[in-house]
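Chains: A, B, C, D and E, in written order; residue numbering restarts at 1 for each.
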Amino acid sequence: MSEMITHVEEHRDDEASKLGMWLFIFTELLLFGGLFLVYSIFRAEYPLAFHESSLELSVTIGAINTIVLLFSSMTIAMALTAIQKNDQKRALIFIGITLFCAAIFLVNKYFEWGHKFEMKLYPGSPLMPLLGRGYLLYFSLYFFMTGLHALHIIIGMTLLVVCYFKVKSKNINSKDYVLLENGALYWHLVDLIWIFLFPLMYLIS
Amino acid sequence: MFSNASNFVQGVDSAFFIITGISVFFLVTLTATMIFFVVKYNKKKGKPAIQIKDNSLLEITWITIPMILVLYMFYIGWQGFLPMRQAPKDAMQVKAIGSMWKWTFEYAGNKQSYTLVLPINKPVKVNLVSTDVLHGFFIPAFRIKEDVVPKKHNYSWFIPGQLGDFDLFCTVYCGVSHSYMSAIVRIVNQQDYDKWIAALPVKKANTNSGHAVLEKNGCIACHSLDGSKSVGPTFKGLSGSKVDVTTNGAPRKVTADDAYIKTSIHEPNKDVVVGYPQGLMKSYKGLITDKDIEQINEYLKTLK
Amino acid sequence: MANNTTHTTEYRVLAKILLVLMFLTFLTISITSFHLGAFTVTVALLIAGVKGFLVLSYFMHLKYESLLLRILVGMVFVLFIVIVLITFIDYAYR
Amino acid sequence: MITATEKTEYVSYLDHKGKYKGIFAWIFATDHKRIGLLYMYAIMSFFFIGAFLGLLMKIELIAPGETIMKPQTYNGVFTLHGILMIFMVVIPGLSAVFGNFFLPILIGAKDVAFPKLNRFSWWIFIAGSIMAIASQLLKDGPPDTGWTFYAPYSTTTGTNVIMATAAAFVLGFSSILTGLNFIVTIHQMRAPGMKFFNMPLFPWALYATAWIQLLATPIVGITLLMLIA
Amino acid sequence: MILPAMGVITEIIPTFCQRQIYGYKAVAISSLAIAGVGFLVWGHHMYTSGMSEQARWFFSLLTFIVAVPSAIKVFNWISTMYRGSIDVKPPFLYAISFIFLFIIGGTTGLLLGSVATNVQVHDTSFVVAHFHYIIFGGMGFAFFAAIHYWLPKMYGRMYNFKIAYIAWGINFVGFNLLYFPQFIIGVEGMPRRYFDYPPQFQPMQIVSSIGGFILISGLILMVYNLVQGVRKGAPAPANPWHGSTLEWQIPSPPSLENFDEEPEIKKNPYDYK
């Protein structure tokens, strides 16, 4: 294979994987979009139950989590900036902060869920059939959507941990940082979903 | 040209014939052209192919013509359909109840029948109700069909125009005996109808609360109350009897006491009665409360 | 660095965006704590939309991406809105 | 310009010796042509199972009443026929087999944009298919809802509907990844000088299909999930 | 999902007519149009489910509109045959029977799309027949066309033509016998997914079942022929059909990375001779 072709293909690879990442983000957005649609249909059907159920959620924890996620989203964007400026040390710090924020988010989520379980507010609990179908739907959706979101956080964290070590071993550098870029894109997606999840689940009542 | 079994036959059938006519015309001409080309420009004739690129005028023609035709077909279809959703206010009201797997028709004055008997030339509005899952209310001869959706109001209306018996089918797949969920629609003269409705007994309400629980949860669809064999074992004489069951593949005999009935509701696939397939019933754990089960047990004891 | 056309966003810009986002979050929380009925939903979703737009265009660098990608992202959102509208038109009238 | 004359070192993809031997040379292949053939073998087998089930239904329907099977079996048979044919034959069908094999060739590329992802989607496809078939054989009996899983009937039957829906979900994921791969391939891997309107029409059709797969599958997936809820 | 099938047919027809496709851009853009509108027509499956009038109107219209780009494609295929030099080989036979079956499937689709007639035929075996004409007659036959067309390229071997013609004949007859009667009983009111049915439908059911047996024997014969071709068929040349797209310019079967050199790209996609 000639030298020229190799060069051309490397050039294209980065663009390709970024485009691929974006396409994947589209499907993710529509997946959650579909869930939002389901949510709004059931909400229209059982307005009262949804209203009362959403009062059970703690706005404080939700708000803290929102801020934590927004902050982490910024730090990961900064990590990318740092890499682009060939500043390895700062990049590592920023990725570290992001991972730390993600951990805080999950811990918060753990306490929030634990509280729900204590109050027997989960699908399949003995309390649920007594509350009626609207409540059951609300909490099913709540656990499913936040659960799916938490799953995305974990996937995103794994991706960022990989990025962290690759930055450390200089496999990600100012010349080749498409993996970090994609990881960051994914992390922003997680943030983006939460931006919509938070008001819908916690605030509107 | 059209039968006048109901007032919709003409609208639906004329739409049907026009669309079919256009379709057949296209099918025949296009196929004929295709075969003609295959023969005429066959390679065996040895003529070389002539390259022709596109011709905008031709392209636009065959975008426009189908477009117009399609819009026309849409229009007549819409015209045929419109009256179906506009039931006259003075129409006679009948309630059709679809449940697994039978149709029940309720007339004014709490009268119930399993055959839909209607007077000729009189508009009827059929209110469709489902007690369990989706069903379909379909009378082919009348050209009407509506889905019967649980917990939602839906209706159908028509003016029967011909005496005789017609088939009524369920068109939405609803389980094992879906294909047996049919009924007869009988169109009679006004006098015969009056006579028939007068003879129809008023429905006796079953006030037993256990019975109500069974009905509400759709148990009776599969478990008969009169001893006949259905999808599942009958309830008649069940309470206290000895039952042959298969537990984890091993046959054994159990007494159908209260505990057995509770297990059967919570874990229907644990003890499966011999002669019935496994997996047909889902667990009702969490759907029927312990209190309801007590009432069911009380009621079953009365079924001897 | 011919193989990557990504724009480098300065730290300062990112920090500013974060401040705006935080502000919007508090705005949503305070607005929804008044009971304004159907209005609340609209405002909350509107603010969420603005936040989403900011995240997309600055954090995700969409502002500096190729036109193709921007059109695609726009189309996905338009598509989603169309689906929502269809569902609700159907839902509202049945 | 490449001519059909064979070069001395020309080795066809079928004879190529890679890292793996025997059957693993296929299962671990990243070559789009081998993956295309893998899809073809799988899909043809499912097609014949499906066709056989269809034949069983036709035998049953040859006369009114019970001919060779019970109603419950019949319902299971047409459900399995639908699931097999729709999710495992028709939806992947042409695009996975011939799209994989010929898309890169038609646009003058060496392979698809993400060969490993391509192999991964085949694995997922097989995993989903195994789940779909397993849902028929496990102890609660085959689902009897038809391939559209009409709610609310599907929520009241005691059969393995959840497993079957999950299988459809997994298969959908596979087709999303394939669609994604094709779109990126068409955008980024065209041979130098080939514009969009220089592509043959088969890639065009695949391009349009890939977008549908990418955008419609998540929504369909959600509606499936709604049925479980 | 019919789109790739149309794509395959658009490749096969020009090759066997020795002509380039008529109206390249129209075909390409109609693909996108079908994809766009097709995305929104899922609603036509739920007419009778008591959906709102507005929504019924909307979905019916969309369903009709899909017909237009499909019709454009059919017209373009047929005019590609005009003044060509047509070489009737198995892939071409499958391709034109695809067009035939697709027209039937498509026009019966119009009957389903029209709200009035939909009420009559929805959820009957008419739908089953329509569905199979589109999916099996369309997708399936396009799949068979594609196998017959590209098999020499994939394996570098050729199958037996005579058996391929016979298998095609059996498939075509069997297919129509199997599904056409279902249109008739569908209009008469036979609901789908019925295990049992009233006796007036029996004659057509028998015809249909016989068609089923014929079709499956044709399929078995076809696959047998293809497998034999792969195992011990005569070696196939690089370009057996005198095709004019890129894939025929490389050896059969292709090498691992398809092109040993960067291919030269021509302005017209059908100029590689």
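Points worth noting:
One rule holds for everything that comes next: contacts are C-beta pairs under 8 Å (C-beta built on N, C-alpha and C of every residue); 3 or more make two chains touch, one makes a residue touch a chain.
These numbers come from a predicted model, not from an experiment.
Located most centrally within the structure is D, per distance between chain CA means and the overall CA mean.
Looking at D-E and A-C, the interface holding more C-beta pairs in contact is that of D-E.
Centres computed as Cα averages put subunit C at a distance of 42 Å from subunit E. If each chain is reduced to the centroid of its CA atoms, subunit B and subunit D end up 33 Å from each other. Between subunit C and subunit D, the centres computed from C-alpha atoms are 35 Å apart. Counting only residues that touch two or more partner chains, subunit A has 19, 26, 30, 33, 37. Within subunit E, the positions touching two or more other chains are listed as 24-25, 39, 50, 53, 193, 195-198, 262.
Residue numbers of subunit B whose C-beta contacts span two or more other chains: 134, 172-173, 178-179.
Only residues 1-4, 6, 8-11, 14-15, 17-18, 21-22, 25, 28-29, 32, 40-41, 44-45, 47-48, 51-52, 55-56, 58-60, 69, 72-73, 76, 79-80, 83-84, 87-88, 91 of subunit C touch subunit A when the two sit together in their complex. Across the complex, subunit D is touched by residues 8, 12, 15-17, 19-20, 23-24, 26-28, 30-31, 33-35, 37-38, 137, 140-141, 144 of subunit A. Residues 68, 76, 79, 83 of subunit C touch subunit D in their complex.
Against subunit C, the residues of subunit A that register as touching in their complex are 10-11, 14, 19, 22, 26, 29-30, 33, 37, 40-41, 44, 59, 63, 66-67, 70-71, 73-74, 77-78, 80-81, 84-85, 174-178, 181, 184-185, 188, 191-192, 195-196, 198-200, 203-205.
Those residues of subunit B that touch subunit D in the shared complex are 132-134, 150, 172-179, 218, 268-269, 277-283.
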